[in-house]
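Please go over the structures that come below.
Shared between the two complexes below is chain A, which pairs with chain B and chain C, respectively.
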Partner chain A sequence: MRRSSLDYRAYKSDAVMRREMEIIFRNKWIFAGLACTLKKRNAFFTRVIGGVFIVVTTPDGTTIKAFENACAHRQMPIQTESFGNRGLVCPYHAWSYACEDGRLKGLSNPHLYEMRVHEKDAIGLREFAVQVVGELVFVNLANEPIPFESQFSNEFVEKIRDASSYFDKTYAYSKFRAGYNWKLNFENVMDYNHVPFIHSNSFKKLLKEDPNAQVRYEHPVDVEWDKSNRPPSDVTLSELSFTAVGEINLKPRWYSDLIRRYGTSDAYYNWFIFPNVNFCSVAGEHFLIQQYMPVTPDILEYHLWVMPAERLSLRTNFTALLRGLMISEKQIIDEDSVFMEQLQASLNPTSKKALHGAYEHMVYRFGDWYSTHVLNDEEAGQ
Partner chain B sequence: MSHQIIHVVGLAPHVMRAAVILRELHPDRDIQTLELPLLDEFTPDMKPTETLDRATSAVFAACDERALNFTRFGLFFQLKARGFQFVTCISPRASMAPNVKIGQNVFVASGVDIGSGATVEYNSILRGGVRIADGARIGHSVYVGASANIGVECTIGDNSVIGPGVLIGDGVKVGKNCSLMVPGLYTKDVTEKTFYEAGYDGPIRIERY
Partner chain C sequence: MKLLVIGSGVPKIEALRVARGLGRYTDIVDLEIYAADGFNFSLPDLTPYSEEGMELFLAMDDRGINMSRTQLFSALKAKGTKMARLVAADVYLPANVTVGENTLIAEGVSIDHGVTIGYNSYIDRGVILPRDTKIGNCVFIGRDASIGSQSVIGDFSSIGPGLELANGTTLGKYCELRQKRTYGGQIPEKTFYLDLFDEPVRIISPL
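And now, the complex of A and B:
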């Protein structure tokens, strides 16, 4: 057993959150959305990452670009919807921008501005770096982004690229807020030992009617337990994104034979994507992307994408399935939220640091990296 | 042609609910029930229906809104394909303007009020206390939960689920395959495949690319 590197301030302090926004969310590669939603010219989606409003769009249905979603004129968001298909035209005063590079293309009533040519040429939207892995789009808000490979190993990138190639062309998306720190959620999804206690009923319904059927709660089969006493500063960024495969013994579902399955039917796949995404697949039949965006130290915004594996026949209709999956996933998240909100509320200056067992090695490695890179000496505490 | 036997076919407890109303409506006819087992959560086993004879019996397909009404639609469609005639199941304690159009296999519970010129297409369910205002159009295989209120000239698209107590404002168009499960007043059109479910801050969007 060993103590976490993180004390209550990592979960409760405004100062720490400002620092993690700067060090992580405005500096590292952050998952932003699905490339498959950008197949038509001028298709876009908007996100708020590290407090910055961004718009991810495409000028031609192929190239993906990310810009700050703020008009150069009055900083009005240019796209006000979460998704859509619309050029970069500010709704406030109709300044328009090129989707290719964000430069100012034109403006209505130009005589009112008395803008000179060289002034116009210098105006444009701030552009951000984009990296596309299969269907997953990552953005980096830094002026000089770190190499993508330094955050994600090539092996990991290939795994998520391969998994995303199994997505069906229909997906569901929504979001909601929950009252706890985003890191508690990331720690919770990495801690599979809570499942039999918090989710016993919801998982029971999925299992085969065999008294021996169960979710296997042993350590994931392809992750080696790291019991070394490495100093926290030795933890590298790329090891914090990893694959874990558990065993699950599910009943066949009505759509089991209607899809091109990823992997095997007895596996529960998880790809933990630093810093705040759990990408997973139950039996390779459907995929789920959960992302927890910090809003305040006590509030996160939960983004949820669900998609079945690719249908074998175009005649198959997955609308009802997607609705059912979104409802059942929300129920499972709600089961977690009850406990996470109590845990968040209970953290206080006298709280001890969490005590982790061997199976939680990735939780404390995450804490080690965070304490080294995000907390300054004073806030790291002891 | 009026068949002497009406088979109420489907899932418990909806079969019994419909049978009670049908016995009240047709005291001279033989109302029989046939509850189907489920092959999985959404698929009824149709084997027990193989003994039914379309020459001597009409049917009513009874099922809830599961799988966005697709289970009930599948049940209705399979019996229809075999040539069965369907009856409607309209409670004597529902009230309807004389010019209302009601399709086959529609279930209308006690206390429902349907206004002048409204249409309820086949295989839809209106639960207790629902109010459908004048000129509204309810598509096929729709489910309207108890005490919901559908405004004047509204359209509810096929397969949609309107939750209990939901209020749809006058003239609002709800697309096909929607679910509005968050109580409240909906005053804007809802595009198809949009789900308002409890716990989410906004609609769940279903997109196809």
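And now, the complex of A and C:
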């Protein structure tokens, strides 16, 4: 058994959260949404990442661009909806921007501003780096983003690219808040041993009764617990995104023959995407993407995308299925939230660090990386 | 006249009750249908029940959200089946109101001039439909819901009991309103206001 590197401050401190916003959410590659949303000119979706409002859009249905969703004039959000199909025109005073590069294109009542040509030429939206992996769109808010491959191994990228190629192009999405730290959620989804206890009437029914059935990690480095006496600073960023496959026992469902299945029907696939995404598939029949964005140390915003595997016939209507999947996934999340909120509320300066065992080796590694890169800072210690 | 009511659950019970209250059917047959998975219903052999001039009413749960109801309706229409309209005896229908086939309007529903109600819809007890309201096909409106005048309810949409829609609300297709609040404006298609979620669930197709 090993003590976690994370003490209560990692879950409760405003100073630590400011630090993680800077070190993680405004510096690393963060999942932002799905490329299939952006197949027509001016289609867009909006997000808030690291406290920054962003809009992800396309000038041509192919190229994907990300900009700060803030008009240069008064910082008003240019797109106010979560999804849509609309040019970059601020609703406040109608300043408009080019979707290709974010430069200011025009403004209404220009005589009121007495804007010089050189001033106009210098005005534009802040653009962010974008990386698209299959259907998954990642954004990096840093001025000089780290190479994508330093955060995700090529092997892992190919796996999520392949899995996302099985998505149906119609998906369900919603978001909601929960009262606990976002890291508790990431630790919870990596901890498969909670399922029989917290999800005894829901998710557990999918699992095989066979006591030998277990989760199989597909990890690029040696993660044997007994061989892992590495110093915390030795944990690399790329090893924190990984694949795990569990065995499940699922009867064919009414839509099993209507989709192009990913993988095999007896597997529950998890792709943990650093820092805050659990991308998974139940029997390759449907996929879900759960993302936990920090709002305060005690509150996270939970984003949930659900889609079936690609339908074989375009005539198949999956509206009822998507609605049902969203409800069932939310019910499972709510089962977790009850416990996570109790855990969050109980953490205090006298709380001991968590004690981890072998099956939690990735939770432990996440804590090591976080401790080295976020907590190891004087400000965070104050 | 003979009426064959096929379906399942509460909608079938309600349809039988409304039909019996009308007094125009001499023979009402209750035929339950099942689906092992709760989704894929199939039509039973109706030959033993058929007779000249018979009407049929299809009453199934899950309203417009479940496509089975629509698929069975289409299959029955393809066979040339004469579908009933069940409007409770105490409901007054002004002359310029239209009601589609296989639609049920329960007791106490208030319907004003210029209202149109599509086929295969279900308007539960006490619902208020003011002037010029347009209700699409395969729509469910729960008990005592109040729809604002000149509102438009898209096909396959479902409105929970007791909910209020402001005047001029436009509800897209395949929407579901369950959260206790007043709705208004334009609600995009495939938007689900569910109790489990703070914000609506949206179904997004390539925009």
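Assume the second predicted complex is superposed on the first by the 352 of 382 C-alpha atoms of A that agree within 3 Å, B and C clash if a C-alpha of one lies under 4 Å from a C-alpha of the other, contacts with A are read in each partner's own complex, and residues count from 1 in each chain.
Please note the rule applied: a contact is a pair of C-beta atoms (placed from the backbone, for glycine too) under 8 Å apart; a residue touches a chain by one contact, two chains touch by 3 or more.
No experiment lies behind these values; they were computed from the predicted model shown.
Peer 1: Mind checking the superposed model to see whether chain B and chain C fit together on chain A or clash?
Peer 2: clash
Peer 1: Applying the document's definition of touch, where does A:S153 land relative to chain B and chain C: first, second, both, or neither?
Peer 2: In the superposition, A:S153 touches no partner, neither chain B nor chain C.
Peer 1: For A:R253, using the defined touch cut-off, is the partner it touches chain B, chain C, both, or neither? Pick first, second, both or neither.
Peer 2: So A:R253 meets both chain B and chain C here.
Peer 1: Pick one for A:T243: touches chain B only (first), chain C only (second), both, or neither.
Peer 2: A:T243 sits against neither chain B nor chain C.
Peer 1: So, does A:N85 touch the first partner chain B, the second partner chain C, both, or neither?
Peer 2: second
Peer 1: Pick one for A:A172: touches chain B only (first), chain C only (second), both, or neither.
Peer 2: It touches chain B and chain C both.
Peer 1: Let me check the overlay on chain A: which residues of chain A are in contact with chain B and also with chain C?
Peer 2: On chain A, the overlap between the chain B and chain C contacts is residues 36-37, 39, 82-83, 169-177, 253-254, 317, 319-320, 322-323, 326-327, 330, 334.
Peer 1: Using the touch definition from the top, list the residues of chain A that touch chain B in their complex.
Peer 2: 36-37, 39, 82-83, 169-177, 251-254, 317, 319-324, 326-327, 330, 334
Peer 1: Quick check: in the complex, which residue numbers of chain C touch chain A?
Peer 2: Touch list, chain C to chain A: 37-40, 62, 65-67, 156, 174, 176, 190, 192, 194, 196-207.
Peer 1: Okay, in this complex, where on chain A does chain C touch?
Peer 2: It comes out as residues 34, 36-40, 43-44, 82-85, 169-177, 253-254, 317, 319-320, 322-323, 326-327, 330-331, 334.
Peer 1: Under the definition above, what is the set of chain B residues touching chain A in their complex?
Peer 2: 40-43, 67-68, 70, 177, 179, 193, 195, 197, 199-209
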